[in-house]
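These notes open a run of structures that come right after.
Both complexes below contain subunit A, partnered by subunit B and then by subunit C.
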Partner chain A sequence: MSIVICQINALIKVSLLELYRRKDIAVVLILGAVLLLPLSFVSPFGLSGAGTYFNEIALVMVWLFSIFIALGVSSRVFPYEFEKRTIYPLLAKPVGRGVVIAGRYLGALTAAVSALCLFYAAYVLLCGFKQGIWFSEALLQAFILHIGLLAVVVAIGMMGSLIMTTSANVTISILVVFAMLLFGASLSALAATQNLVAKTVLNIANAIAPHIEFFDMRQRLVHEWPAVSWLVCAAVMGYAAVYSTVCLFIADFFLKRRRF
Partner chain B sequence: MSVIQLENVVKTFGAVKAVNELSFHVKRGEITGFLGANGAGKTTTMKMLLGFIKPDSGRVLINEKDPAVAVTRKQIGYMPEIAYYYPYLKAYELLRFYGGLCGMTKKEIAVRSKMLITKVGLTGAENRELKTFSKGMLQRIGIAQALLHNPDVYILDEPFTGLDPLARIQFRDLLLEEKKAGKTILFSSHELSEAELICDNVVILKEGKAVWSGTTAEVAGDGTQNLERVFLKMLAADANEGEAI
Partner chain C sequence: MKSLYNSCFDNSERIRILQISVGLFVIVCLQWGLTSAKIDLPQKKGNSLMSLISDDTRNVISSSMMDKVESYFHGGVKVDNCSLDDAIEHVMHDGEESHGEENEQAHHEVALTLFNPVLWVNSKIHAQEHHHLVPKRSVELLPWIVAASRASPHNIQSYQIGSYILNRMVGKSQIAIDFLQEGIKNNPASFELEVSLAEIFFNTRKDKERARESFEIALVKCQALGRELSDDEVFVEMKIYFYLGLIAKERGDTNRLRTIFQMALKANPNNTVTYSLTGWLAELESKK
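Our next item is the complex of A and B:
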């Protein structure tokens, strides 16, 4: 067991080094910070209520950038290994393919979460300066659930990268994630009004698609609503863990079948 | 005792039989050269020896174990033909990474890395990113990573490619040193002169079949032969394949 932990640790470290030595991630981080931070100082037309809208804009940006980073990071890991053939010396070491998947996944997730920390730091500054709110229970829950969201997005990106081309994977993953974010909550209601075939299709989609909307705490933060029950949070994180694990098992299946 | 064993190994890709009833053994402490023209099946055989792909039939064993099982590969040091390493890593980071994958402790990695960096002549370059390395330097770091976890068996794919004459001599000496330490070495090469200098045995592969195998002393025969002649004769022998030298 200890050798597996040692291997996963090595894979996480190398994933982090890789991601932070690539300049495109830095560009997204700087762009995000540049867009977020000025919002904390702007007060247009002297309207005090405008803070709510800026809060919402800031959260949308945090969501967009974090999802793009998570997908960008996870969807490139294996295609890069195959393209540069670094997979050969890697798999020649006493490391199982399942461990490679787990290590690379945790590495990509760690990188995406570290970027998320920077975005949330900028967001907290925004809320602190604008509304004088430096901490709330709902904010903590939003951050934790956002990590759960990234766990699911990174797993989807990694699974897709072993099944299809990078461009197809990124496109489909973005479509699925944003479609579920917008329409996920209403899928079952929509299914109930359809004929049998459409109903079956929608019910299947409802069952297998990632319910990104579960992780969305933006409205609670924007309108300063109270936090949800921690049990609900735990259930959603459990959903993230199960969904990610299933995706990683599928990724493992495809990596094991892959001919080098 | 045979450390590397291939018995009637067959591997087919579609209609192409990449490896055809290939059998050979490598004993402990021996250096074996694995020779053949491009497309002869050397890389496919090496991939099977590393457990990347499974044979359609036959057996591939390293120390009597299946190399497809991860733990078996702890006994294997592999050096790829072209330096397939992460360009954004520094030399010592690469060794630390591979050491971690082999389950080595930080201390073991530090000691072995320092020794190997010196041995392969990369002193002073250990803190440079690999993207700044020349081809020869990448080959050197490739050698270091193959030796890092002190395995029993070395599988080296074209190890002399890209090395300057001095590095070749150093590497040749290094392999002979490892042989003395009881390591088993199998390497593929187009460099027949290098193979002749250091190998105990050679296996010549053609269209996935071993068309000749024997000791380097057998190659020399009565002194009128050399490996280059044998190699060319074997590759040219279409009609009378397997003809005696």
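Our next item is the complex of A and C:
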């Protein structure tokens, strides 16, 4: 057991080092600063006190950047290994393919979460100075649910990277994630108004597609609604754990079927 | 020259250049054909294709900014049965901030009836009921109002709602007047903006003379439209008659009040404004 933990630990370190070596985070942080800093000085009609718009735009950026980082990290892990042939020495060692999947997944997730911590730190600093609100229960819940979101997105990216090419994987993953974020909550209602065939298709999509909107606490955070029940948070995190596990099992199945 | 051309481009590049040239030629021909054609087009004569496309895009962006204003006013919740105008009036007059718990109740009932876990989680994570922004926080709406008016200077609603918020909710009537004057400059044919400006002079500034001038300008602009007015426009038109009638009554100007009454009678004989004007006219004539 301790050997497996050591192996996974080593794989996580490699993923983390790789993310920071590629300087993706530096690029998005600079981009975010370039977009947000001028916005923070906006005072419409010379009146001060408006901060909700800034809060919302900053959160949108945190969401966009974190999803792009998570998909970028997860979808490139295996194709890069196959291309550089570094997977062979790894598999030649007494490491199971399941352990490789788990290690690479946890590595990509740790890298994405570390980037998320940076984004949230920047967000809290900017909004704290702008609005004077430094911490709330809803903020903590939003952060935890965001980690759940990354767990799902990284699992989807990793699964896709073993089934299709990198560009197809990234495109389809982005489409699925944003489509579900925008329309996931209304799929049931939409299905109810359709004919039998469309209804069946939409109900299947509703059942199997990742419900990204479950993790979206932006509305509560931006408009200062009270925090949700921690039981609901636990249920959503449970959903993230189950969904990610299923994706990783599928990824494991495809990795085992793969001929090198 | 030919040898220079041959040395610079290979066959595939020449074909690409040819394709781009043909494409550009077709676009230029289409543009020329559209602007010179003697047919009734939905757009104004002289407008270029590019300005039409960009204007439409700007209008869409501006409308989405105004949707944002509405959403912010309702605490980030999109509400179908509570328009922004009505909600602002509601808050300003009754001081009531929240309603719509019935929506949340209904949502929960649907989720439980269908035993749909997706609906259940969504109803818990995303706020279902809505509240109204309190007047002291209405400054939060202003960035989107500015963005809407900058995205499309022809979005009259952005100037109307923006000036209302500035005047009634933030209490900055001079900024509201400046904003409306900017709107009037960008939309010289709009009588609705003149009416909004006149209302600020009449109700907030208590400057009846400036208000009367603006209502008179609004009336001229309204009559100059030369087309059938929509229901909303008729509502604004009746406002003009109401205020001009009221000012004429206060000044004891029977002739002007009679003229206004006749115009109101012609525009909408069964409107309450027309009935009010009838009463005022009778009152003034009885005093004589």
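To be clear about the criterion, the second predicted complex is superposed on the first by the 238 of 260 C-alpha atoms of A that agree within 3 Å, B and C clash if a C-alpha of one lies under 4 Å from a C-alpha of the other, contacts with A are read in each partner's own complex, and residues count from 1 in each chain.
The rule we apply is simple: a residue touches a chain if its C-beta (ideal position, glycine included) is under 8 Å from a C-beta of that chain, and two chains touch if they have at least 3 such contacts.
Bear in mind the structure is a predicted one, so any value in this text is a computation, not a measurement.
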{"item": "Subunit B versus subunit C as contact partner of A:Lys13, first or second or both or neither", "value": "first"}
{"item": "Touching partner for A:Leu255 - first (subunit B), second (subunit C), both, neither", "value": "neither"}
{"item": "Which superposed partner A:Tyr53 touches (first subunit B, second subunit C, both, neither)", "value": "second"}
{"item": "First, second, both or neither for A:Val228, with subunit B first and subunit C second", "value": "second"}
{"item": "Partner chain(s) touched by A:Ile3 [first = subunit B, second = subunit C, both, neither]", "value": "first"}
{"item": "Touching partner for A:Pro94 - first (subunit B), second (subunit C), both, neither", "value": "first"}
{"item": "Touched partner set for A:Gln219, first subunit B, second subunit C, both or neither", "value": "second"}
{"item": "Partner chain(s) touched by A:Ala70 [first = subunit B, second = subunit C, both, neither]", "value": "neither"}
{"item": "Residue numbers on subunit A that touch subunit C, as the complex places them", "value": "42, 44-53, 184-185, 187-188, 206, 211, 213-214, 216-217, 219-220, 222-223, 225, 228-229, 232, 235-236, 239"}
{"item": "Subunit B - residues contacting subunit A, complex", "value": "47, 50-53, 70-74, 76, 78-80, 82, 84-89, 93, 96-104, 129, 142, 145, 149, 155"}
{"item": "Subunit A - residues contacting subunit B, complex", "value": "2-3, 6-7, 9-11, 13-14, 17-18, 21-22, 84-96, 99, 259-260"}
{"item": "Subunit A contact footprint on subunit C (complex, rising order)", "value": "72, 75-77, 114, 116, 118-119, 121-122, 124-127, 139-140, 142-146, 166, 170, 172, 175, 179"}
